[in-house]
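Structures for review follow.
Shared chain: chain A. Partners: chain B in the first complex, chain C in the second.
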Partner chain A sequence: MRFLTRKNIRSAAGILLAYVLLQGLNSAGLLSNYVLFIIMVALINAILTVSLNIITGFAGQFSIGHAGFMAVGAYVSAMFTRFVLNVGPDTPFVWREPAFLISLFAGSLAAALVAYLIGIPTLRLKGDYLAIATLGFNQVMVVLFNNLDFVGGPRGFTGIPKLSDLTWVAGLTVVSVLIMRNFVRSIYGSQCVAVREDEIAAESLGVDVTRYKILAFTLASFFAGTAGGLLAHLLQLAHPSQFTFLKSIDILLMLVVGGMGSIPGSIISALVLTVLPEMLRFSQDLRLVIYPVLLIVFVIKNPLPYLRRVTAQIQERVRAMWVNRFGG
Partner chain B sequence: MEQFLSQLINGLQIGTIYALIALGYTMVYGIIKLINFAHGDLIMIGSYVAYLSIVHFGVPFPVAFLLAMLFCALAGVLMDRIAYRPLRHRPRLEALITAMGVSLFIEHGARNLPFIGPSFRRFPDVVGVKSYPLVSSVVVTNVQILNVVVAVVLMVILQYIIRRTKIGMAMRAVSLDLEAAKLMGIDVDRVIAVTFAIGGCLAGAAGVLMGVAYPRLSPYMGVMPGLKAFVAAVFGGIGSIPGAVVGGVLMGVVETFATAAYSQVAEGVFFVVLVAVLLFRPTGLLGEPIAEKV
Partner chain C sequence: MPLLEVENLSKRFGGLQAVSDVDLTLRKGELIGLIGPNGAGKTTVFNLISGFYRPTRGAIRLQGDEIAGLRPHQIEARGIARTFQNIRLFKDLTVLENVRIAHHSYARYGLWDSIVRTEKFYEGEKRLTEESLEFLSTFGLQDRAMEIARNLPYGEQRRLEIARALATRPQLLLLDEPAAGMNPQETKSLMELIEFIKERFALTIILIEHQMRVVMGICQRILVMDFGKIIARGSPGEIQKDAQVVEAYLGRQARRHAAAD
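Let's look at the complex of A and B:
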């Protein structure tokens, strides 16, 4: 496996450039907090969509409970920063940042653990029955957090320190997408795809179907937990109503629009579908009517492959220009 | 014991409403394997049609009831024609997402209509609530009686349509094997449209019954009952008509008892029961086991 391929270097450079640009604009004060906030939410949504893609797009298991794992990540990581590590606004930088990493990791791990325990019984179900079981799990989580008084119950978990910033969110997005991409391309990923394509055939070829389903489910939930933790420390709030099945459907929606089993598709559609409703704000109340209409048109007409083709053409042209000028 | 009885009556009341909604879910699912998330919003449309025709046009209640059913049938057919038919041969998840889009569109569209609006509206008391003593302190209201009677009558009619009429036979054929039915000369698109119309009728009726029983209308009133009815349909075995009725009634009863016992966790209880049932009967209570062909 070669890491320093031209393609990898180019994408790394692209990501770094985008980050430096954003950070520069931000420190120059040219980027309003609102825009920055939307960008961070979009990136968090990208983590969520890619991780659901592992379960639904690659392992072929239909889940509408992703927000439940997000909730676990959000609450557990917030509990860590608030109660275990006692991070506050005046905590020194050198301790605050590693503490945040520990909390996020704890939240993600908790989400993965819950997914593992939930996955063992429920992943025996198939298709829509699995979808309903995961949806049920999601609602149970909402009810649970609504009734846990020490994390605020129905008032929500408030007073979470604001630790998420562009660096954290962008960095963790890149890291988690990379890990998930490598998982998909590894032998484990291939076995997940085999499970998706034909369970019986996969089993007869020696793929441990249950094991790979649980593996995909656990891994994806780990990153859903990371996203939840980042979101909680961005909003400084974790509220049960953020994590209902509607949020799960939102993620599913981004996944379907981006195309099942396509990681770049997931990222693009998460970014587009997060920004789109914001751009519709000029239409005020009608925004909520226009958005679903666009969505239906999106699914029926399916413009993303077209968009991707256009971006590929642009890339090709830029590359040609580059080659002409500097010679490869 | 008395409390048990009155809770049982309350549970049956809401349960029959769930059953009516669940029937629409299960019929559509049985034929095109689509979870029609927008089905719950038909309840809202039904309620508002009845409300508007009674309050603004002074229509008598039974006529308003029929109007609501008619409107919802129309809405169901339109929904299928505009949003779902273009996706018939695409992956099922795409249709599911479209259904979600349709649902959001109906809810927010209703919210933006001046005569519906975002605020709550009160369904007029058209029946004139009276209660009749049953045993000692247990009472049953005429609303509850009306509710159960209407639901049962509608279910009997549905059963008649499915078992005894030509279109019912076509529906059964399509749900058994869509391609084969097409080859036998059945106009599949028409059968699907009729299914949506029947489902819409039932949802409209459920909407009016809900309006009478719980007279608080809002554009989002269909979301939770829709979700619960869907879960009830899965609980009974999705695609199975008796399953939807059993699931719906059980859902209502379990929910009512759980709310009476400990209201905060009531919503969670049913899902726990659901997952537990699915673990032992993976295709629901009355669902047929899926045979896998290799």
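Let's look at the complex of A and C:
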């Protein structure tokens, strides 16, 4: 039970507390469905950003086709719930929930499989060339789903049962992020980093560069698929226009703002950048100016270390107050 | 059986014959030098042996097994490690992490172990860190373990690169100009280091070097290359007197002078 360190217990308790709080507020009617929806979308974006971080931040491969894998996950998992497992509004709970898990898993696996097949030829490319190839893949997926009539074509895949709720989204966010973090903090992750740092040196030390690129790409796409599946079952819709390269750029943006190679950075940045545009709604059209300006500020002056320092200072002050009042 | 056998090794880049018909036999425990003017094809020979280039023609056998055409990481797994002319450390990682990556095959846990954090994972990680630290202490780098590699002084970066190559536990080590850019003191300690690791790890070494003091001082045999061909081979004493070598380095005029002496 070595994972039961103080730090891990504290993080787990914090996550659980936040979850209970949100759930409580929602059932007490104090949290509107709109706010809850934004929180779920933010968490899904966190999965996407962390997974892109595996490819770009850790393994150093520049990919802008992440939304393509998300689309595969969304469509395949929705096909499973709709056509294979036939889940509908009156499916009993005991079957509905496991069926959702199966669908999500199928969607994720499909995304991973596609990534594996796409990765073998494209990961030979470097830098800009890989970016263009992945962008092209993204576009192919959009065109493909636009032309698949049995999943709605350009009208989108409608009638997907609403199976995503806070429990599913929060639970799978925690599990996905934990798996990716554990991957990164192991010799596998180290070898991915070696590939990023210097491919030739890595190869000379016996690191199978191709294998680790494909491994990172496949694993990350698996979770992009999970995120896509969750989103489709949240919106009850999968539409080709949700998965264009603009979505890929959005994820990349969250990654860059949060910092390449930082998992907490990715999570915080995904949450902030999802919530921020919603909070700017009061400014109406001006938000289209404010948001990009804020983004530029974020990229130039990375606020994350600052935020961390402020948090540490607040913690220290609270502790000092506590000690003053109650002594030790 | 010789440790390494190279036969008729040739590499052509378009119109340039970089290496032609190089033959080389290496017994276990030898330390040989590979010298020659700039552009003679020495590093290309290393790139061919370590798998970064595919030979146009010829055979490379390690303990009788053909290795020409294998990928670099496969060749590394068979026991050939190398360093690079321009140091290729993982510059933004710690010294310890550099060695840990080289030690990767000793982690002995699977992807599943790392994801669900089994006991095997923790044991493997612990073993990896302990072995890497012990390894660093062999090279006097234990106090630097947590430093970022790029902050090390030049001499120690070279030392770390050699340590990292040895962390893969090779039988054959290819050193590409390890003394380049070193001052006389650093060069001296490098020579001691090479002789130390050769004994300690029972290594066979091929050394490319321009500093004659190093080559003549520690190599048992020397091969001289020029324009992709081996033009002379022999003991340091023989090489210094070889007319073709003098010509390759100093030109025909010098050869005439040497002959007159």
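FYI, the second predicted complex is superposed on the first by the 311 of 328 C-alpha atoms of A that agree within 3 Å, B and C clash if a C-alpha of one lies under 4 Å from a C-alpha of the other, contacts with A are read in each partner's own complex, and residues count from 1 in each chain.
Keep this in mind: a contact is a pair of C-beta atoms (placed from the backbone, for glycine too) under 8 Å apart; a residue touches a chain by one contact, two chains touch by 3 or more.
Just so we're clear, the structure is a prediction, and the values are computed from it rather than from any experiment.
*Asks:* Please indicate which partner A:I200 is in contact with in the superposed arrangement: first for chain B, second for chain C, both, or neither.
*Replies:* Both partners, chain B and chain C.
*Asks:* So in the superposed three-chain picture, is A:I300 touching just chain B, just chain C, both, or none of them (first/second/both/neither)?
*Replies:* first
*Asks:* Would you sort A:F183 into first (chain B), second (chain C), both or neither based on which partner it touches?
*Replies:* Touch partner of A:F183: chain C, not chain B.
*Asks:* Does the superposition put A:M279 against chain B (first), chain C (second), both, or neither?
*Replies:* It touches nothing on chain B or chain C.
*Asks:* Examine A:Q191 and indicate which partner it touches, taking first as chain B and second as chain C; both and neither are also allowed.
*Replies:* Touch status of A:Q191: second partner only.
*Asks:* Contact-wise, after the overlay, does A:L21 reach chain B, chain C, both or neither (first, second, both, neither)?
*Replies:* neither
*Asks:* With both structures placed on chain A, which of the two partners, chain B or chain C, ends up touching more residues of chain A?
*Replies:* When the residues of chain A touched by each partner are counted, B comes out ahead.
*Asks:* What residues on chain A does chain C touch that chain B touches too?
*Replies:* On chain A, the residues that contact chain B in one structure and chain C in the other are 200.
*Asks:* List the residues on chain B that touch chain A in their complex, please.
*Replies:* 29, 35, 37, 83, 86-87, 91, 93-94, 96-98, 100-105, 108-109, 111-112, 227, 230-231, 234, 238, 264-265, 267-268, 271-272, 274-275, 278-279, 282-284, 290, 292, 294
*Asks:* If we count contacts the way the header does, which residues on chain A are in touch with chain C in the complex?
*Replies:* Per the stated touch rule, the residues are 2-3, 179, 182-183, 186-188, 190-191, 193-194, 197-198, 200-209, 215.
*Asks:* Spell out the part of chain A that touches chain B in their complex, as residue ranges.
*Replies:* Those in contact with chain B are residues 56, 62, 121-122, 124-126, 128-129, 131-133, 135-137, 139-140, 143-144, 146-147, 200, 245, 249, 252-253, 256-257, 260, 285-286, 288-289, 291-293, 295-296, 299-300.
*Asks:* Residues of chain C touching chain A in their complex?
*Replies:* 50, 52, 71-73, 76-77, 81-82, 84, 88-93, 97, 100-102, 104-105, 107, 109, 111, 114-117, 119, 121-122, 124-125, 128, 164-165, 167-168
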